[in-house]
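For clarity, chains are labelled A, B, C and D in written order, and residue numbers in each chain start from 1.
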Amino acid sequence: MVQQGHIVPYRTFILVWLTLMVLTVVTVAVSRLDLGAWKIWTALGIATVKSALVVFFFMHMKYEPLYYRIYLYLTLVILAIFIGLTFSDVHYRMTP
Amino acid sequence: MNPPLLTTAETIDPVFWYILGVCIFFLLLITVVMLYFVWKYHRSRHPYTTSQVSKNVPLEIVWTLVPTLLALSMFWYGWAGYLTLQRVPEGAMVVDVTGRMWSWLFEYGNGKTSDRLYVPAGQPVQVNIHSADVIHSFYIPAFRVKKDAVPGMTTYVWFVADRPGSYDIFCAEYCGTAHSAMITTVEALPPEEFLAWYEGEGPAEADGELKALLTRHGCLGCHSLDGSPGVGPTLQGIFGRQVTVLVDGQERTLTADRDYLRRSILEPQVEMVKGYPPVMPSYRDRIPEAELEEMLDLFERPASAAAPSGEKLAQDKGCIGCHSTDGSRQVGPTFQGVFGRQVTVERNGQPVTIEADEDYLRRAIVEPQAEIVQGYPPSMPPYSELSDEELAALIDYLRGL
Amino acid sequence: MEESIKAAGSDDRGFLGGERGLRSWIFSTDHKRIALLYLWSIMSFFLVGMTLGFLIRLELIAPGATIMGAQTYNALFTLHGVIMIFLFIIPVVPAVLGNFLLPLHIGAEDVAFPRLNLLSWWFYLIGALMALASLFTGGGPPDTGWTFYVPFSTQTTTNVTVAAWAVFVLGFSSILTGLNFLTTIHRLRATGVTWNRLPLFVWAIYATAWIQLLATPILGLTVALIAIERIFQIGLFDPARGGDPLMYQHLFWIYSHPAVYIMILPGMGIISEIIPTFSRRRIFGYWAIAVSSLAIAFAGSMVWSHHMLASGMSDMGVFVFSLLTFLVAIPSAVKVFNWLATLYKGTIWLAPPMLYALTFLVLFSIGGLTGLVVGSAGTAIHTHDTHFVVGHFHYVMFGGAIFAFFGGLHYWLPKIYGRMYNLRLATWAWGILTVGFNLLYFPMFILGMQGMPRRYYDYLPQYTTLNVVSTVGSWILIAGLLLMLWNLWRGSRSGPPAGMNPWGGRTLEWTIASPPPKENFPGEIVVSTDPYDYHTGEGHS
Amino acid sequence: MSQTHGSYGTAKLGMWLFLFTEIILFGGLFVLYAVYYYFHPQGFASASHELSLGFGTVNTLILLTSSLFVAASLSALQKGERRLTLLLLSGTILVALIFLVNKYFEWSEKFAHGIYPNGPAMPNLAPGEVVFFALYFVTTGLHGIHVLIGGVLLTVIAFGVRRGSIHQGDYVKLENSGLYWHLVDLIWIFIFPLYYLIL
């Protein structure tokens, strides 16, 4: 049986790759600035955008059925719960 | 007196009753409804299904909401109780406790230490909890308080013993071989008695230097001083004893000299005494060099210097449970005037009359069954674990009676 | 139908017939044969775990040393926990009944990845053998308890490293099974098996598979960190080197609390199948039960730190996790009420599977309700790490999950082997088991309230009486268990033919021969009925 | 949604579900990172200075490029351009090797300074720095193992393409191995800022 997946044009991939390259340079550059507490959030924000590009284009998530995306978000929500609820303990510890 | 203080037990017990009450109600409800349905609709009484109803939204909503509300009320009540456990009343006496494998050591404001927790009755006490090695848990069931002793952290509990008495303290977090032996007590004393103890020479000091030192480092959780078996070998007469150790699986016999004792405290895993589990933690960096030297000195000191008291031995070993000192007849012959007395004993089934001299007394303690005094039951156990010094002390004591 | 089985002659052994010999089993990719591989291997470990539990109880019959030393006792309860949790109760329902029934329930020929399914069993076997190897190698059997708490587990000289890797491998087995089932449910449903026609057992397996998939990796990581810590001393949990011992507990329970739902959810699925069949009545609240399974799986991922209420965690942590714990109790309550409502105006047949299911309702309720006591912050402090907790989780795990599994065995064994066991003996075994169970575990609630900590080799004399009762209970329990297992074993070998549908079930497995043929269904099937298609006026034949 | 959809979608769903477990596996390490960073922001910053930003950036850029190669190789195979597919796959495998060699140099440099678990330099560091390096070695080590597995997987696939067992009509093995490789990239996208950039 012939497998029929979506064929993504090279052009799209190259554009995504260029964006990723630029974002990497940006995140390194931004890390040289003195942003205080925002530093980590900027770095993570850029990383999130980069990973979204990889997931949606390189990994074809954009072209998969809806429930793939729902499951991906479910996984991320679970991970966020693991981190977030752990902080309900450690953030309020009296003796860290 | 201060205004009456709600004790931790008085705070938590109503929470127990409320939650257990709700639990029992629901359990009965479920069980009774189930049994009733099973009886009513059993196929012998109800051979055909008479309903096909498969959903009822209002019912679903009711039996979702009612448990939710009840659950929230139970949560809130429990949380309020927990807050009481966490909020130490003002003016609480502060004691530090350190858990280690496998004993507790309490340290008071004036530097005094003890292996039991002495507190004044009626006064709140805050116990700050530390751990010297692994995680333990400081648990006093009578006061419904418990908190883990975590290395690198200080935790606490508070409680008030509203009347004098003795309450159990357990280790509730599994911590190795002698976990279940890591128990001691809270001794709640009337305030004036507590003050006398607090300011006077406490029982911990009275028990002698060596014992105090060993208590402080938690040795006595596993090693006894009186020859009784424990997790590790007894420390009674340890100095100069021949021991068989395992080195890399090879048996080796050596004399427990100063060097060996030092090694076995700092690197216990290297030369483990055969027949004991390899569970002792290393005390490197945990025991100051000066105290280690002092401990070795005390081990080495000839036993006579720390002469055991014959009278105390007679009490500790349970002799006076059967032998009186006032001439009265009990399970065994009286100790009064026993030295030099003419006794008739059964030796190999033959009655023999001999004088109870030092040799005989020694035999009668170590190997009592060989020569039982006529007219007494042969129920005395052999006391072969007594050291020569202890035997000498006991016989000295008997001589004086 | 029974005639057809007799008439079929040599073919009547279904998937059990055909290829013979060990190789045809241990390299089989047939989901039914793999289910039986799991059944035999898991039940062997159950017998080992049960023997260890029996010895633990025997030691506790009196204070002080009774039959063993403290170190032996500590190794025994560690092994009892590791075997019962990782080798028995986590895999038992999904791997045995799930494997056997899932393709049958959805009208499929096999699971989505049959070879991966076989690989999962091999991982299970290798992990189990590694766990056994930890007893005889290195510094002797692990003595840390199944929780492997640091820093004790990184300091003890016993062979924790091998045991940790064993758990790691077992985790792989569990993940691959979950992945396989999720894909199967998604992709292999026969035409007409829509999401609202899935048997509730399948819904339960679906919810379970998600937990297996999304929680187990954390366990793998945690035990790997223990092993790495022991080999390289990296100090990730050592406060002197910037670590935090409580973070180990967080990571451990992030998996191990959801794991509790891996154990109980499939059991609940079994109950949802047995009750309608033996009441001849459509299940009450299909969607409430299905959705509550998903709700339990999801909410169950958010309550792990209620195992740490006395650990020195912050008060905010206690607040959050205690609150969430109470919320997770609600979907369980909803399930129980819906099962009760299913009995209403049905016609109830107290056959052995139904007896186990009804006992489950009571025992699980006791387990669940006492969970409220240990979930409430104030009372948790007193009962934490006491025998109350031991009683609580044995009621949930044994009285809940395992009673459900026993009910499932009695329900489906005639389908698996095509033969019926002795119903009267099964009823007797159930009775003895139930009496022994309550005698064994109920005293633990009282012991815990009186303050007896768990994992105690020796105890103070005031706890003696209840410990004696409990130990005597363990003897009765084991008598019942052995009678039950012997009866099932004998029935499966030489019982009378059971026929295609001995209980009158409506799910798809009852429409094919017992034992099922190798290819399950004759080609592609189209399903047009509901799995609980009972009507008024139905009775038991 | 039934068997008629064939094994293509089934295999892909299975792979994605497996990738979710990988995300959670590394997620556990990110939980530890978040907490320990919160406890020791100073120690983390000063230890992070010790890492080579050059190595980190180069590794990020080449890993992203390798992801492009893999993604494009799938499109190439789907279009039947077998030679291009093989070329792109070889490029990816080469990048995997370069990444590992880079990692080797990076680690050896740390080892040379006595910075490794229980190494001679560790007792002189602050607790926050020690735990930073502990996490660094575990995380990049685990990631390195994944790079290795991904590289081997793609090599096997490349031989399959060469032999013709993986072709225009049956490419799900390439697609799944590609997904795995992208995941390795994805994890690195987060490791890079967390360990090299937070300073």
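Convention: a contact is a pair of C-beta atoms (placed from the backbone, for glycine too) under 8 Å apart; a residue touches a chain by one contact, two chains touch by 3 or more.
Since the structure is predicted, the reported quantities are computational estimates derived from the model, not experimental observations.
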- [ ] Enumerate, in label order, the chains that touch chain A and chain B alike.
- [x] C
- [ ] Counting C-beta pairs in contact, pick out the pair of chains that comes out on top.
- [x] B-C
Open item on the list: Need the central chain here, defined by C-alpha centroid distance to the all-chain C-alpha centroid.
Closed with: C
Open item on the list: Distance between chain B and chain C based on Cα centroids, please, to the nearest Å.
Closed with: 37
- [ ] Find the geometric centre of each of chain B and chain D from their Cα atoms only, then give the gap between the two centres in Å, rounded to an integer.
- [x] 53
Open item on the list: Quick check on chain D: which residues sit in contact with 2+ other chains?
Closed with: 13, 17, 20, 24, 27-28, 31, 35, 39
Open item on the list: I need the residues of chain B touching at least two other chains; which ones are they?
Closed with: 153
Task: Numbers and ranges of chain A residues touching at least 2 other chains - done: 75, 78, 82, 86, 90-91
Task: Touching residues on chain C, where the partner in the complex is chain A - done: 186, 210, 214, 218, 244, 246-247, 250, 254, 301-302, 304-305, 308, 313-317, 319-321
- [ ] Provide the residue numbers of chain C that touch chain D in the complex, in ascending order.
- [x] 108-109, 112-113, 116, 175, 179-180, 182-183, 186-191, 213-218, 220-222, 225, 228, 232-236, 239-244, 247, 250-251, 254, 524
Task: Touching residues on chain D, where the partner in the complex is chain A - done: 6, 8, 12-13, 16-17, 20, 23-24, 27-28, 30-31, 34-35, 37-39, 53, 57, 60-61, 64-65, 67-68, 70-72, 75, 78-79, 169-172, 175, 178-179, 182, 185-186, 189-190, 192-194, 197-199
Open item on the list: If we count contacts the way the header does, which residues on chain A are in touch with chain D in the complex?
Closed with: 1-5, 7-10, 13-14, 16-17, 20-21, 24, 27-28, 31, 39-40, 43-44, 46-47, 50-51, 54-55, 57-60, 64, 68, 71-72, 75-76, 78-79, 82-83, 86-87, 90-91, 96
Open item on the list: Touching residues of chain C toward chain B in the complex: what are they?
Closed with: 69-71, 74, 139, 143-145, 149-152, 155-157, 239-240, 244-246, 279-288, 310-312, 315, 318-319, 322-323, 325-327, 329-330, 333-334, 336-338, 340-341, 343-350, 358, 361-362, 365-366, 369-370, 372-373, 375-382, 384-386, 449-451, 453-460, 532, 534-540
